[in-house]
Amino acid sequence: MIIKLIIVVALFAITLGIAAYLTLMERKVAAWMQDRIGPDRAGPFGLLQPLADGGKMFFKEDFRPTNADKWLFIIGPGIAMFTSLITGAVIPWAPALKTATETIAIQVADVNIGILFIMGAVSVGVYGIMIGGWSSNNKFALFGAIRASSQMISYELAMGVSVITIVMMTGSLSLTKIVDMQHGFWDNGWFTWNVFKQPICFVVFLITALAECNRAPFDLPECESELIGGYHTEYGAMKLGFFLFAEYVNMFISCAVISALFFGGYNFPGMDHFSGLTLTILGGVAFFVKTFFFIFVFMWIRWTLPRFRYDQLMHIGWKKMIPIALINLLITGVVIAYTEGWFSKSKDAESASNAKTEQPLGVNTSFEKTKTGNSL
Amino acid sequence: MSDTPNKNKSLFADETIDGQIATLNLGPTHPATHGIFQNVLTVDGEKILGSVQTVGYIHRAFEKLAERRPYNQITPITDRLNYCSSPINNMGWEMTMEKLIGVQVPKKVDYMRVIIMELARIADHLVCNSVIGVDTGALTGFTYMFQQRELIYELYEEVCGARLTTNIGRIGGFERDFSPTFHVKLKKFLKEFNKHFQEFDDLLLRNRIFMDRTIGAGPISGERALDYGFTGPNLRAAGVDYDVRVMTPYSSYEDFDFIIPVGTQGDTYDRFCVRQEEVRQSLRIIEQAYNNMPEGSYFSPDVPEFYLPTKADVYTKMEALIYHFKIVMGETPVPVGEVYHAVEGGNGELGFHLISDGGRTPYRLQFRRPCFIYYQAYPEMITGQTISDAVLTLSSLNVIAGELDA
Amino acid sequence: MGKVEIINGVETINGEGFQLTSLDKVIGAARANSVWPLPFATSCCGIEYMGTMGSNYDVARFGMERMSFSPRQADLLIVAGTISKKLAPILKQVYEQMAEPKWVLSVGACACSGGIFDTYSVLQGIDRVIPVDVYVPGCPPRPEQIIEGCMNIHRLVKSESLRRRYSDEYKHLLKKYDLNDE
Amino acid sequence: MESLSNRKKVVSNKKMSFMEKLYFPAILGGMWITLKHVFKKHNTIKYPEVKREFAPVYRGQHVLKRDEQGRENCTACGLCAVACPAEAITMTSEERKKGEEHLYREEKYASTYEINMLRCIFCGLCEEACPKEAIFLTDRMVPTFFERNDFIYGKDKLVEPVDQRVDISKRQLTGKRPA
Amino acid sequence: MSNLTNEMVLARLQEKFGDAIRNHEEPYGLLTIEIQSDKTHDLIAWLKTDEVLKMSFLTLIGGAHFPNDKGREICVNYHLHSLVNNVRLRVRAFLPIENPSIQSIIDIYIGADWQERETYDFFGVIFEGHPNLTRILNEDSMDYFPMRKEYHLEDATREDKDDRYFGR
């Protein structure tokens, strides 16, 4: 129990710290790509910049527009922040620490529907933006909120379908199981990581993750040149800070999920030579390296690409991403069925071991129902 | 979306699609306006039904001011018209004056002017195109191009001593010859610019996201554009190859070989492409002018009553001293007459209509400000499009507030 | 989050508004390194401000690259360019919409004094409608001068007591410009 | 519409090739460009520490020159004030008295000479107008101040100190034009 | 490009509009004709459609104020341009200051809209038939036409200036 508490607190602190420093990283990455230096005057190499931003926002006048809905205006950023923080709970950050007496999972909760939990929490997150944008009583904010919600709904579907593909291959919704399935790096003449098995699925997931995080080229809800600030136009001080913070936390979590689902999470080549604490630490390092690489990719994309237009965004979401994801799902299903021997006459393939793993297809259908039910 | 040019002729669409109609204030301080002007959009969701413009937020009474300033003090005022390419304005005004007093400047001055003016055109188009990039969300191209623009500013600085509002050149020539540093910097610029420019081009031009965004955004047909009085790159994007440099050559533009890039539909992508190509053509012109620069004086010796004598002469020669005082006091007589002179500014035909009554100040000086004239087409161009298109159209029209409001 | 009231809990040496406490210093330093500007760029100086944002000068080094076009989020109002009499009420409105603490940087001759445009339509200096903290001369100023102006703002921010915004002097200042306190 | 110049060339190509339709080639190409810049040396001038060199003819803060013997060149003729489009220069002239020959070069001098730096647009017309080579714009910048009144530059700030001469020799391109 | 000269243009114009053309001159090679103010609209409309002249581009509309010319105080200039022939033409009409009204050409050139509004704003020229003849650059509350010669340029509130120094 105490260990769990420590993990919770540590995760909370690390997430916040990383999110804070991601703002700095974003500014630095942008600067490097633009032949600039970036923040360098707040502390050495600008390392105190996030603290300065936080300090400033904390002591800024807290402002509420006269016509805004008072409570919703406050709740909005709260929801955004809360949902983005709780998603980290189900991510396995490192290989379980096996001591002589017990096995300590470096994870807050190994729920067996981990990935479903993340999807659910993320889709609640949009309410923060919607409420915030709507309650500000500002047209630009409202536009941002509308764009955010429709974008979330559209891209969640494709994201869900691409996740299902992985779930089908793994046979489990638990993130720990998905990660463990990708053990090591090379096995049976092929890579173990899902990205090599499901490259299309990965691309779809990456794109939808960008959209879910409102990152460029999908940053329509707050696109500065059109909507001034989008949903947070009327927000100032720490409430704005919450929104911005939530965005970076979301990005961090998304990248962690990407590396867990597709890049083997804490697995790394040659991990079998280690054990115990070393393995845990090295695995954790591997996980964070992967995560940060994807964060860099996110930023890299943001500072390179122009953004879509609203209707093009919808077009891509519904007419491209979802069909691609569905076709991929279908192919995967056929391949799985084939390898499992469903097409051969003998029913051996439906062995006891297979039946134990929670009936992949059954799970999928129920999962999809929940999803559609949610979003419509 | 709307691949066909906008057929909606009325400023306001009467029929509405289902849903509620809202008004949205684009400006005065909206980030997309890059300057200060207001558009009140009527929108149904993201779709724009109509727009009402308000301009005049930085009306500075240029024309009235010009009636109160002696001729040689008007050059600094013209700087502030289209401040992205102020040397073109300066030289347009100087050429107008030269036309009025009837002086032929040496060929070398013409070539020097061409170099400076084309540099200004490059700077102007770079600002416009990189800002289109910013408005689509790609900030990085903007920073690449601004580094190049900074080099152009350094070149101005070598010639005249200022970066943006240059006050470059004088009636009858230049205030000083190109310095050795200028030559070094210009050569370096000519050598390296293309590489960086190509990079910017690669970043956006054939990127499908960018193409999807810009193709069909804010289109206008050639006929309609002419009706509205479009000139410059925006008209050429609509397919009409009207260019003052070719139609009524001034400052020896007839000596140079360049093509006039045109577009087809007059949408944002056309405007972007036309400007990109114009930058390349300008570079070609600069190279031609620089390599064939004739020998000679950098000012016309024929106009002692307008071109300041050297300081050394002022101290030693009575005549020079008198001219000096007369020029500075603005007491030199000018012919009574009426001149219209047009140059190809960054945004189109920049005209100077000068009525002189022989006094020390212009009797009436009217600027033909291309922005002011074509910006009125904006509501028509965006009707039926989305807010994002409106923003892009605005930045691709390159509406410069200083020129818009005068 | 209500209004921040922490300041009252910190003891100052003699209780006066302009005496800096150590909290003042920390917060001042934080604020100074994170001044988010609202570029109210109307004309020529706006282009030069864009140049300052560009790679060659890079205001990002001061933590100022996040443009806040929404006045709620901005700390520094950079008025760059001519303000005509038609625009003056809008400028005032933008200033009023900004949340405390806020500063104003007046960039260029036109914003500072009307510059060359001594005409019927141009406001002769924005300090006729809003209080200005730092003036930057030039027409337009070089990016160096704009950075210099920003650094002056930073100095001001650093040395400003958290209490100043509640002081009588400040209220008097706002009253002079006919601005609401809240 | 027929061609007006016979020089026109359509430059925009809106047809996308198959590869371009796929989004990814151009996106990856763009990302490659930006990645290359990550490893490039930055192009920033760290302003307060590093200063970019201005052109010698840069039009910055004014200086009122003294001659070689330390006498003020200005004779308060007022040409600079007349030439100023921003009307930023004001002065009052005074007759030079006996015993002041070491201070002022001419018989008349400016007892007050003020430039309103907030009005000034640094166009350089005053420098050109001056028949006595007294006023020059230099490659120094006018600093920023908190108060409006600090920008009225009087003679105390404009006249160069005898021991700290402002070098304008390179600017004299204007003054000593080659024929 | 045909070689249309100013003489040919003038001859064709005089043939068509005869008496309405009061005056003509050629300052700096730009043919300028003065036309009766009530015929301006017809002339410009005809010029746009004429097969020979093809003056189908409106370059500029502007005003000028000549307070000493009684009955003809306000002048309205139209600059037209035949892009095909590359010939420019300046058409002007004089209006009395008591009733400076002239027919709007917005139905011929939609681009005349703002230029007419600007001319109204500056000189108070009433363009009959203009759908929205309001001030464009100045505030609506302004009660004079600032470009007329009798009005001052300077802002009355400026304090830091002493006119004695500037010779104005």
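To keep things simple, chains are lettered A, B, C, D and E as they appear, and every chain counts its residues starting from 1.
Criterion: a contact is a pair of C-beta atoms (placed from the backbone, for glycine too) under 8 Å apart; a residue touches a chain by one contact, two chains touch by 3 or more.
As the structure is a prediction and not an experimental result, all values here were calculated from the model.
**Q** Can you name the chains that touch chain B as well as chain E?
**A** Of all the chains present, those in contact with both chain B and chain E are C, D.
**Q** How many angstrom lie between the centres of chain B and chain D, each centre taken as the mean Cα position?
**A** 22
**Q** When the centre of a chain is set as the mean of its C-alpha atoms, what distance in Å lies between chain D and chain E?
**A** 39
**Q** Distance from the CA centroid of chain A to that of chain D, rounded to the nearest Å?
**A** 53
**Q** For chain C, jot down the residues that touch at least 2 other chains.
**A** Touching at least two other chains: 55-56, 58, 61, 67, 69, 86, 113-114, 116, 118-122, 139, 142.
**Q** What positions in chain A touch 2 or more of the other chains?
**A** Residue numbers touching two or more other chains: 30-31, 33-37, 40, 224, 228, 303-305.
**Q** Mind pulling the chain D residues that touch 2 or more other chains?
**A** In chain D, 4, 27, 30, 33-34, 37, 42-44, 46, 82, 85, 87, 116, 119, 121-123 touch at least two other chains.
**Q** With touch defined as at the top, which chains are paired up in contact here?
**A** A-B, A-C, A-D, B-C, B-D, B-E, C-D, C-E, D-E
**Q** Within their complex, state which residues of chain B touch chain D.
**A** 69, 72-73, 75-77, 140, 144, 147, 154, 157-162, 165, 167, 175-177, 179, 181, 199, 202-204, 206-209, 211, 215, 222-223, 226, 236-237, 239-243, 246-247, 258-265, 269-270, 272-274, 276-277, 308, 310-312, 314-315, 321, 324-325, 328-330
**Q** Within the complex, which stretch of chain B touches chain C?
**A** 28-31, 34-36, 56-61, 64-65, 76-77, 79-80, 83-84, 127, 142-144, 146-147, 149-150, 153, 163-165, 401-402, 405
**Q** Would you tell me which residues of chain A are touching chain D in their complex?
**A** Contacts found on chain A: 29, 31-37, 40, 300-301, 303-305.
**Q** Quick check: in the complex, which residue numbers of chain C touch chain D?
**A** Result: residues 55-58, 61, 109, 112-116, 118, 125, 127, 132-139, 141-145, 147-149, 151-152, 156 of chain C touch chain D.
**Q** Touching chain A in the complex: which residues of chain D?
**A** 27, 30-31, 33-35, 37-38, 40-44, 46
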